[in-house]
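Next up: the structures, one after another.
Each of the next two complexes has chain A plus one more chain, namely chain B in the first and chain C in the second.
Coming up: the complex of A and B.
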């Protein structure tokens, strides 16, 4: 049973209407977009940094685990509430505090969604470069915690490349400000970097200074279809080798093409083995050269056909197709696991092929999309969680995918985070000294281990 | 719907959370229990016997707080039909517990019987005219709920029909006009305008003796009464020699179009319902399809348009009402943000869920205010009622009109 005094204290801090304690309401905060779930003891909705500090102080004093939460769209279980925890939902800290178009900086609260930021800065001819497929709902705080990349990642990088500074409430209750807010020059020991991808284990971001980028004058979106995943993969490596850096290079396999087309009815090529979606931007002369090199690469890699989006509607349709992948696949089976493995670009083709072989070997459905430009693959494995044998097979297949990734010189998570899902793979990806160092860093920020415990860092076994 | 069918639909939700972007109750509360993904999770737990639906009043409250606006379903990549799922659970509640007394009086006692609606309407008209309302307002006992009713017209549309319906010399079209309860009793100016506009476009207009479409009963899960009303309406609408059955109420139109699903598998009514559904037309779409008369006078006003849920998501009407508005000389159409977000009216939702209803309304009115227009147009009397209430609550001196009212006015100005 939850400590009644604790609840009273929390109510005093944030107000009655901003504390949820009933069994039913807690059920709706037990989960995120991953297959896991937990048992929080209370959910609070602070609206100021001071409130966050007061909540953290109580948790710290009473040794209660806490978890910051945004939209709860995490795919690896990062936003699954630890048992007995205080969930700090930041969805009501959702204001844009300032937009400075001259310095190209936006100051925002963590609960604002990525899309709302995009809409707000668009009128200045600016964008916030990270654009995860969940951007319509995922929050800036969550994007920072997971170091979200996105579809434009190949050209623009991930969240960590676009954060100028942060205000963070540490698990000890101290408030720090990182970064040099009025300049893009980074200090020697860059604290901002620690928080990007820390999965809510090091502190709670309460303000973020975002670096904005100009929207380029011209954009060309194109698609090409291939008779094999391998050809599509080599095409990507070729394009990059030619020195072209598209803003986007996405591969979708046949399963994904069909699922998305069922949902959107866009007339995608349903029998194509692979579809490559590309976008380039820049000044118009520059775009022309890039498009030519890409068309050459299509030819050398046996593309069956290609198309350039004729107008904005066609372009938006293609994007909608890509953004709907995660949800559209929900129809195939009641449960799924999405991986976000990364391999060097020249191994992309072989990795796509290996995953397809594994699907055959285990007799399971694996849908594949990839942010191919940065070697980030999203194999999605479908199963019925109510059938124990299926669960077992999926686990085995996942293990093999991860082993293959590491054998190809890759790593286990490009953007979804480690969360709960990939804890067991951490020792495969990092050696003991590295894991020990990570643990020491965690201890320095969170000596009592109350901040989103049980995520990201595995128990290190001594042998 | 059966339990395993429901579970199968619920399994399609992979908790991606995209419903957060469009769900009005989530937009104003930011709470997971108030969005499709949270509601679906609770229902799923119940169907998997981890929660007892009948012993958790909080779950029932959450189920009843859904507006059934369908925005989540339309943006759900897995196409989870949350409104249908919610409606099934409400039916379960109504079947096991019966309707609450308030709902029973309101739905079965009032909406089900044309005579009783008229009676109540007349009483309300007297209430508004004799000054008691000012006294009541002063005491504050209704917490402004009585202001939800629009200013009532002295007579309902049906009693005006003999004077309204003209015999046209050479009608080019023949249509049935569905006179719904709200338009008939509370917004007679819309009904009058619809008939006039249709006649102006050389349509011979029949007005069948229909009863309530059953929308309130359906949303409360009272399927028995809903079916009874639907059967009556189908009898009145079947075998009419008309090219279309025209609706100026998006709710009535979409409910009647959907009778075919209500009677799926029913030998007697399934075909009839499908035939009637074929003829259902939103009035703006119908006017556009017959290339309506563009000879009109000038209305120099700025107008913004609110999409009723039943218009944009059920009948799939988006461009037609805008086309009509833009065709009026002098009229400037200014789009508002979130034009297709529910207004929070949702039938009788506002009466049973005042907090949510008013928060959503405040957001809607805020979006409207930003357009700085003079008139808010919409194609549903239920929305019109809620939006007019919003104008009062937020002290805006702007009127709410159906596009056909403006069209009728433009025709009238021309003929002066």
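Coming up: the complex of A and C.
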């Protein structure tokens, strides 16, 4: 039963128009892009830091869980509203407060989308380097909470590499400003980077100072096809070892190539075992040098053929296949699970091969796309969710993929996060003292455990 | 309290641990008011675990130390406790050139690491001025070098870490993959913690291929106005593969150096441009040390020229000011014969530019971080180090406010 007094208090803080309580609204805000859902009791849309503080204070007083939320595009359940929670949607705190082109810094509110930031800084010849596939809808606050990666991640890194400071409302209602935004000469412990990837469990980001990068003069896109996944994988390792750092290196396997070709009729090489898509950027002389090195690596690793985009249209054509993967694969079976695992880059070829073997072993379809340049694989497992035996097999195959990932020196999530989905794998990835220490630190930030409880850290038994 | 019992128990549990009374016996130079009662140089990580467990049992303070070059900057003077040198914990654990990663023990010096990597044309991008600094030390202080503009600070190269917690547990976080969002980045909390949250024992670092070419160009300008004009142009207007832009005052003129890194063909074009537009020529002289001065100013890049202008206004015979700077890092450093009024005036200006002025190791500008931040740090510290065993004299994390 919803507490009427609570709703009244919240309405006083943010205004009637910024409080949702109807059944349909609550259902809309119950879930994210994962299969999980919860039962929030109210959704609020604060527009200032002070409002966020007032909401957090009430939650504290009444011991109500909080769910800070951006666009809700999280794939691992990180933004699923806990039962009885107040969902704090930050989407109305979406202003750009300052763009400082000389220091290359933008100060923004958390509800602005990644894309809006890109558009705003473009006219200064600058970009915000992290560009997750969800950038049209996902917010900066969400990107920080999940430490979002992006297509350009091989060269530019992920969100945490481009954040220089934060304003955060802590679960206790205190407001802190982190970061060495203007100075780096006094010894200080900077908490900025501990918030990145903390999945909304340590506080609510209300402002962020973003580091901007110059847009590079030239971009070159190329694709190559290979007779084996192994050759494509070693080609990636070779390119990295030669000192070339492409912005992007994406691999698709034969299942994906065929599915995309069926879907779009692009005339892709249907018998190719692997397709590699690469992009390099820089000054035009930089690009020339890098393209030459990459062509050498193609030859050494027995690429069957390659293409270089001559103009923007050709570039978009090369990208079209990669962008259509999700749509194309949706046609194969009624349901699928996209995995998110990451291995050292020297193990990429082996890992691709191992996943292909698992598909054979279990007699299932696994399509493989990978952000090869950073060792991040997204094997997609296809099944019919209406057939219990298929569901069981898929679960078993997923567990085995995770075990293999850890055996290869990798880790359980590259960019989607732990959320709810991967809680069960945490004890495989971390020893008990480490999980205990993480819990103690969480307690320091959030003594009442009201900030997005039930995510990221599994229940651990006290010794 | 408990020092003798601590040492006796330690001797019972650990066979052959090096001890010393004087830091200089282990090649460490500390100022006279830093007086540990005992110095230990454990031979392996399990000995560190034993030390921490016993220190908790007997209430003995523990201060981890690498080369000691930054120690006093982050830690107040003390006259009790144990100094634990990491110098014997210095192995390379796992080197994966094809993954551009290397896992090392924390006592390894930056010099040894660079030497090993260079054989494969790889480098660790933090160019500290002191080759003897240890990997643990540069992570704990989140160190950066002259080329901060291009390579940022150490924390951005730490992918994984093992450390011994203040209560003596071995904690392993992060990993060896470029992307990793598997739970909290505890290693990012340890990076820049100045030793107060754990003793770093191993780190997995992201390394990079050595750029095809590096180039230093120099040019002498006659006066301050010329200096301002050239910095403005190079820092804000020209498109360059800029690694650093530094200068030093020679009498009334200034020697400016531009350091470029990248692909050879691109650098050749940029070199020609800088020669044509400004008169820069290739340089092979050494860099001036910008650290050992009375005053250091740190500024946001957008206010760098304004801060420099303020300093230049102090150029009078009676002040004898000598200015050096690293514009790409937002740093100015200087020696001066200045009155209190002049310094007050300067600190007001730097404050209004949101910068920091440190003069003779004292900060003269206000930092308004607020109490909530320090309380949070204290709470974290109290949760993981309830007996305040590890670096109780930290300037960075105060266990009692």
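Assume the second predicted complex is superposed on the first by the 414 of 463 C-alpha atoms of A that agree within 3 Å, B and C clash if a C-alpha of one lies under 4 Å from a C-alpha of the other, contacts with A are read in each partner's own complex, and residues count from 1 in each chain.
Operating definition for what follows: a contact is a pair of C-beta atoms (placed from the backbone, for glycine too) under 8 Å apart; a residue touches a chain by one contact, two chains touch by 3 or more.
Note that the structure is predicted; figures quoted are calculated from it, not measured.
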Touching partner for A:231 - first (chain B), second (chain C), both, neither: neither
First, second, both or neither for A:248, with chain B first and chain C second: neither
Chain B versus chain C as contact partner of A:175, first or second or both or neither: second
Contacts of A:22 with chain B and chain C, given as first, second, both or neither: first
Per-residue touch tally on chain A - higher for chain B or for chain C: C
Partner chain(s) touched by A:452 [first = chain B, second = chain C, both, neither]: neither
Touched partner set for A:45, first chain B, second chain C, both or neither: first
Which of chain B and chain C A:223 touches, first, second, both or neither: neither
Chain B and chain C footprints on chain A, overlapping residues: none
Contact footprint of chain B on chain A as seen in their complex: 20, 22, 24-25, 27-29, 31-33, 45, 71-73, 89, 91-92, 94, 111, 113, 115, 134, 136-138, 263, 324-331, 334-336
Touch list for chain A against partner chain C, complex: 100, 102-105, 146-147, 149, 153-154, 157-158, 160-161, 170, 174-178, 181-191, 193-194, 196-198, 214, 217, 237, 240-243, 245, 282-283, 285-286, 288-290, 342-347, 371, 374-376, 409-418, 422, 426, 429-431, 433-434, 436-438, 440-445, 447, 456-457
Parts of chain C lying in touch with chain A, wherever the complex brings them together: 73-74, 96-101, 121, 141-142, 144, 148, 152-153, 155-156, 165, 169-173, 175-186, 188-189, 191-194, 196, 208-212, 236, 239, 241, 262-266, 269, 296, 298-302, 329-331, 354-356, 358, 363, 367, 369-370, 372-373, 375-377, 379-380, 382-384, 395-397
In the complex, chain B residues that touch chain A: 11-18, 20-21, 30-33, 38, 41-42, 45, 51, 56, 58-59, 62, 76-80
